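Below is the structure I would like to discuss, written out as structure tokens.
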Amino acid sequence: MVPLSYYLVLSGILFACGVTGFLIKRNIITVFMSIELMLNGVNLSFVAFAAQWHALSGQVFVFFVMVVAAAETAVGLAIIIAVYRTRETLNVDRVNLLKL
Amino acid sequence: MIKIAIALGVLLTAVAYTVWLERKVVGHIQNRWGPTRVGPFGLLQPLADGVKFIFKEDLIPPHVYKPLFIAAPMIALIFALTSISLIPVGNWITVFGIHTPLEIVDVNIGLLVVLGITSLGVYGVALAGWSSNSKYSLLGGLRASAQMVSYEISLGLSLVGVLIMAGSFSLRDIVDAQGGTFWGFIPRWNIFHGQFVAFFIYLMAAYAETNRIPFDLPEAETELVAGYHTEYSAMKFAMFFMAEYANMITVACLATLLFLGGWHGPLFGPPVLQAILPVFWFVAKIFAFLFLYIWVRGTLPRFRYDQLMAFGWKFLLPLAIANLVITALVVALSA
Amino acid sequence: MTPNLYLWLIPVLPLVGATVNGLFGKRFSRQTVLAIALGFCGAAFVMALWIAAQFSSLALPHVEKLASWIRAGDFQVDFAFYLDQLSLVMLLVVTGVGFLIHIYSVGYMWEEGGFYRFFCYLNLFMFFMLTLVLASNYLLMFVGWEGVGLASYLLVGFWFTKDSAASAGKKAFIVNRIGDFGFLIALFLMIKHFGSLNFAQVFRIVSGMPAETAGAGLLTAIGLLLMVGAAGKSAQLPLYVWLPDAMEGPTPVSALIHAATMVTAGVYMVARSHVVFDRAPQALMVVAIIGTLTALFAATIGVCQTDIKKVLAYSTISQLGYMFIACGVAAYSAGVFHLMTHAFFKGLLFLAAGSVIHAVGGEQDMRRMGGLRHYIPWTFWTMTAATFAIAGFPPFAGFFSKDAILWKAFSSPYGSWVYWAIGVFTAFLTSFYMFRLWFLTFFGEYRGERAPGHGEDHLQVVGGSRAGAPAPHEHGRGSIHESPKIMLIPLVILAVLSVCGGWVGADRFDKFLSPALHGGSTAYSQEDVAAATATPEPKQQGGSESLLTGISVLAAASGLFLAWLLYQRRPQLPREIAHALGGFYEAVVHKYYVDEIYAAVFVKPLIDGSTRILWQGVDRDVIDATLDNSAEGAREVSDAMRQMQSGNLRSYAGWIAAGAAVVIAYMIWTGTR
Amino acid sequence: MLHLLVFSVFGLVCVAGAVNLLVQRHPINSALSLVVVMGSLAVEYLLLGAEFVAAVQVIVYAGAIMVLFVFVIMLLNAGVEDRSKGSRVAMLFGVPGVLIGSVLVAWVLVARSGTGNVAVGALPGPPKVIGWLLFHDFLLPFEVTSVLVLIAIMGAVVLANHPGSAQQRSTQPDKREG
């Protein structure tokens, strides 16, 4: 019997790592990955709460989050490729002009 | 734990002898004998290969991303082997007083887990391709992973038809659903039970998944030397080789479970015999499937990469979806 | 039904003259301008005479309503004209003297530029003065009051090219406005408490009030405020400074405005609202005090003035002081009588002075004149008549009216011997400076450059600042010459009036005015009637009155003798006296530095205050500052925000994270609260 | 007890993976560490009884999305991330800030929600029920997400289309217009 709060703490930590990664990392892809990490953190808390209140809808939400994440990844990576092609670099700091 | 050991042992020998089988069959197809020197009918050939692989010099080229280079084959092998654990070989048997189902783990979403693991298999290939730091291997790795990812979808969809019929993810339930016969003599296997198209799609996707002949592009000798495992030597190459064949066997098992009715078959003879017969039937079907594998390998030419991708996305996927819709319709109407 | 006298026609005639001259004057030749101006003014004079002729048959007071002007709830003001004895006298004085001055100024202004403009202003002035006099309510009177102020501004500043003239005009107008301010507040009080401004209603309410009771405070206030207005208009002590400077205007202007009509408006107003003043003894006392002080003060300054017109200006102030003494002691009829006689001889004095200046080619400084009696005999004789009249020698008009005032000052229940004593001393001073002027101008030898024979230029014994620049238009024609006939005729007429004007006699004049001043509505309180009866008593004490008269004549004679002694017999004496008096003399010469004091006390702080406080302080620092700062603030804020759009992805990420953190914190905070 | 043990083990694995994602300099390593995190999360879901979610997590996240990431990393072959000097301010405020923040959050969570604890396999129902729920209660979101995915696919295709054509357009714009 694991108290719910442990799950929440874990998801909190994941989320925190995601945020710090999002802030610190220079490589766009890594930034992107930390976003995925954040989403996973959220998923965990979803499922945890769903489990606690025995409500299946929590899980369904996880699916939707996944779908969105997938869509986002697809588009994001496409953009990254486009950025790389024109900028020859993935370093976030150099990609600062509005016109790609 | 014993079961795991037994299963592992069986699998490895099976892998070895599939290799042997494949070389014999291809040889015969190409009108030559295949391995005959080592042991009667070359039966010991796999053993010889194994020894060869072990003693060969395991050279690691420079500028290679060392950690991943070593890890890649392991990942591939691990995932290939773990998927076997979920496959129920036979029905309940009582051996030495232990009443256990003939499978290592019974999970009510077995099929999904298997799918998950096969999808993880891609990493092995991709990382291998990338870490060996050469153009050929990189391209091979990319192609292989792209191929595997895209065919995974059609594989998944083809299975859904079966799931709808069976109503559950658990492999055992699916097999049980295939018990009994139609009008006395046609067994109620899914292949006949309205899922023939699905079987066909599954076949194609399976070949692609394991990078076998028609979809053999990643290791195509002519273009990419050995594809992603060009840089690998000895033991690591052996691992990849074994992983590949293990995947083949897993896919074969799945096929039998889902489409060929698992261990269902006519049962006759004394109870001891009846206990063993399901296992026999199961092995026989796998053997048939593998034979089909090898047979196809021997005959069909290789796809060009764009043909391969086009076939995968433009033909196989829509077919799978159509099949899915039809089966859903049928099930909904009949229920 | 009282016959319709078309009273409104009297003021309207000069108005029509003024507009015609004003609008089309430039195109008319001088003759036509002249004809229009004189014609309309004369018509008004004839109308006045026609009304005077049938006056006895009228039921007084005769009110004619022309049109309604303001109708706000129960407060009504309309264009209505009020005729009674007092306004008739004023009417005759204004139109008569005005008409004579019109004729005179034809000669005087003949060579001047802006001929039509001058006459247009004169007619305009007549219109406003007549409106003031004939108004039946305070508001219409106030219209006239302001109009007259405006006309005086225009006329004083007639030679607006001359800087001193323009500033004198401004000064006159502003000081009058200060007086009008007091007058206005009085009107407001009346509206608030009496609900109306019509003379009839106001006087009925006031007389209805029990005397010396609750109303006292109010009536005193109104009285004092009216006094302020009168002081402003009639140049009494605090607000007299504008009159001497108003001499910048052409002499006929001074004659008309500063001798005969405008300045008397104050006296007329006080006389008209005698009902209010009767109920406010304190106000009356204040009026009397101001009157005496002004008389004395102006007389002392007049003594040492060297500019002929300045002397006359101060003498006007002093005489007005006399009239206010009369009003102050509730002897309104005496005041009005003196007003009439004063109009005659002071108008004559100014016109004569004008012809003297005209003769000597614009020279106004007495020290440059002398011995002119041979050159301009007519002016000399008319001026002599006026001088004797103002000094108060028996046969002349001045004696009767001044003596009446002095007697009333002594005998009236409100008066006291102090007024009388100062009055007599002022009379002595008046006769002294008048004869000083007389001797300096007409006797001794000629001291100006203009004279054919006498080239040398004596530095006159008496110091004193040169008053005003010489008239801008030299009169050419070298020698001193008598004024043309057109100027002399009015002088002669006025001389005759100032001689026999007095014969009317104070008592008969008093009886003539009494219905207007004392009779009026029957509701006059008992006390008021008593005051009326008090005046005829002097008959019994005939003796003391003749004694006082004797004393005043003696004062006049001693004034003459002293002037003769100082300026005729031993001309060097004045210089010695001047040295003896030293500082005091300097102060008097410089008009007690009153102008400088006013400037320092009022004008300078006002200007500095407005610049430093209003302009720099409020306008720049407050208003502009707020605008600029807000703009500055907006720019800074936007600048700060601009940093955020740096294009650096990681900074965006940082902002997003910060935002998310805040939201989470808020959620937690609300959650856990 | 087993449940708690398994939870803590895989929790630690998760955290280690996440931290590794931050620490690693080469994206490929961080990608793999992310796969590890997802795997351990899948196990966590199993602990919570949500097998179907775990399976989907493995298949979708680990199997598909991360493959995409690895794929792109391999494709672009971007070099090792150059380590910036790490401004002192960031270190000074960042690290302690994050620590304090997480401690605070953890404390709040632990203190506040000591309500329920979760049993193994608590979630009822085989995937069938989830399927039923998905298509009944959440039909609209399901359809919307499907459209979303469609758009995403199209977007991805357009964005990543043949570099040649994109190249031409951008390099010789004037010729084309001229």
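The first chain written gets the first letter, and so on, giving A, B, C and D; residue counts start at 1 in each chain.
The working rule: contacts are C-beta pairs under 8 Å (C-beta built on N, C-alpha and C of every residue); 3 or more make two chains touch, one makes a residue touch a chain.
Here the structure is a predicted model, which means the values were calculated and not measured.
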(message) Mean of the CA atoms for each chain, then the mean for all of them together: which chain is nearest?
(response) A
(message) Counting C-beta pairs in contact, which chain pair has more, A-C or A-D?
(response) A-D
(message) As a quick test, compute the distance in whole Å between the mean CA positions of chain A and chain C.
(response) 96
(message) As a quick test, compute the distance in whole Å between the mean CA positions of chain A and chain D.
(response) 4
(request) Determine the centre-to-centre distance between chain B and chain C, using the mean Cα coordinates as centres, and give it in whole Å. (result) 127
(message) Can you compute the centre-to-centre distance for chain C and chain D, using the mean CA position of each chain? Integer Å is fine.
(response) 100
(request) Would you pick out the residues of chain D that each touch at least 2 other chains? (result) 52, 56, 64, 73, 75, 101, 105, 112
(request) Give the residues of chain B that touch two or more other chains, as numbers and ranges in rising order. (result) none
(message) If I count partner chains per residue in chain A, which residues reach a count of at least 2?
(response) 23, 26
(request) Report the residues of chain A in contact with chain C in the complex, numbered from low to high. (result) 19, 22-23, 26, 31, 92-93, 95-98
(message) Under the definition above, what is the set of chain A residues touching chain D in their complex?
(response) 1-10, 12-14, 16-18, 20-21, 23-27, 29-30, 32-34, 36-37, 40, 43-44, 47-48, 50-52, 54, 56-57, 59-60, 62-64, 66-75, 77-82, 84-86, 89-91
(request) Report the residues of chain D in contact with chain B in the complex, numbered from low to high. (result) 28, 32, 35, 42, 51-52, 55-56, 58-59, 62-64, 66-67, 70-71, 73-75, 77, 126-128
(message) Help me check something: in the complex, which residues belonging to chain C touch chain A?
(response) 646-650, 653-654, 657, 660
(request) Using the touch definition up top, name the residues of chain D that touch chain A in the complex. (result) 3-4, 7, 11, 14-15, 18-19, 21-22, 27, 30-31, 34, 37-38, 41, 44-45, 47-50, 52-53, 56-57, 60-61, 64-65, 68-69, 72-73, 75-76, 78, 81-82, 84, 90, 94, 98, 101-102, 105-106, 109-110, 112-119, 122-125, 129-130, 133-134, 137-138, 141, 145, 148-149, 151-153, 155-160, 163, 166-167, 170
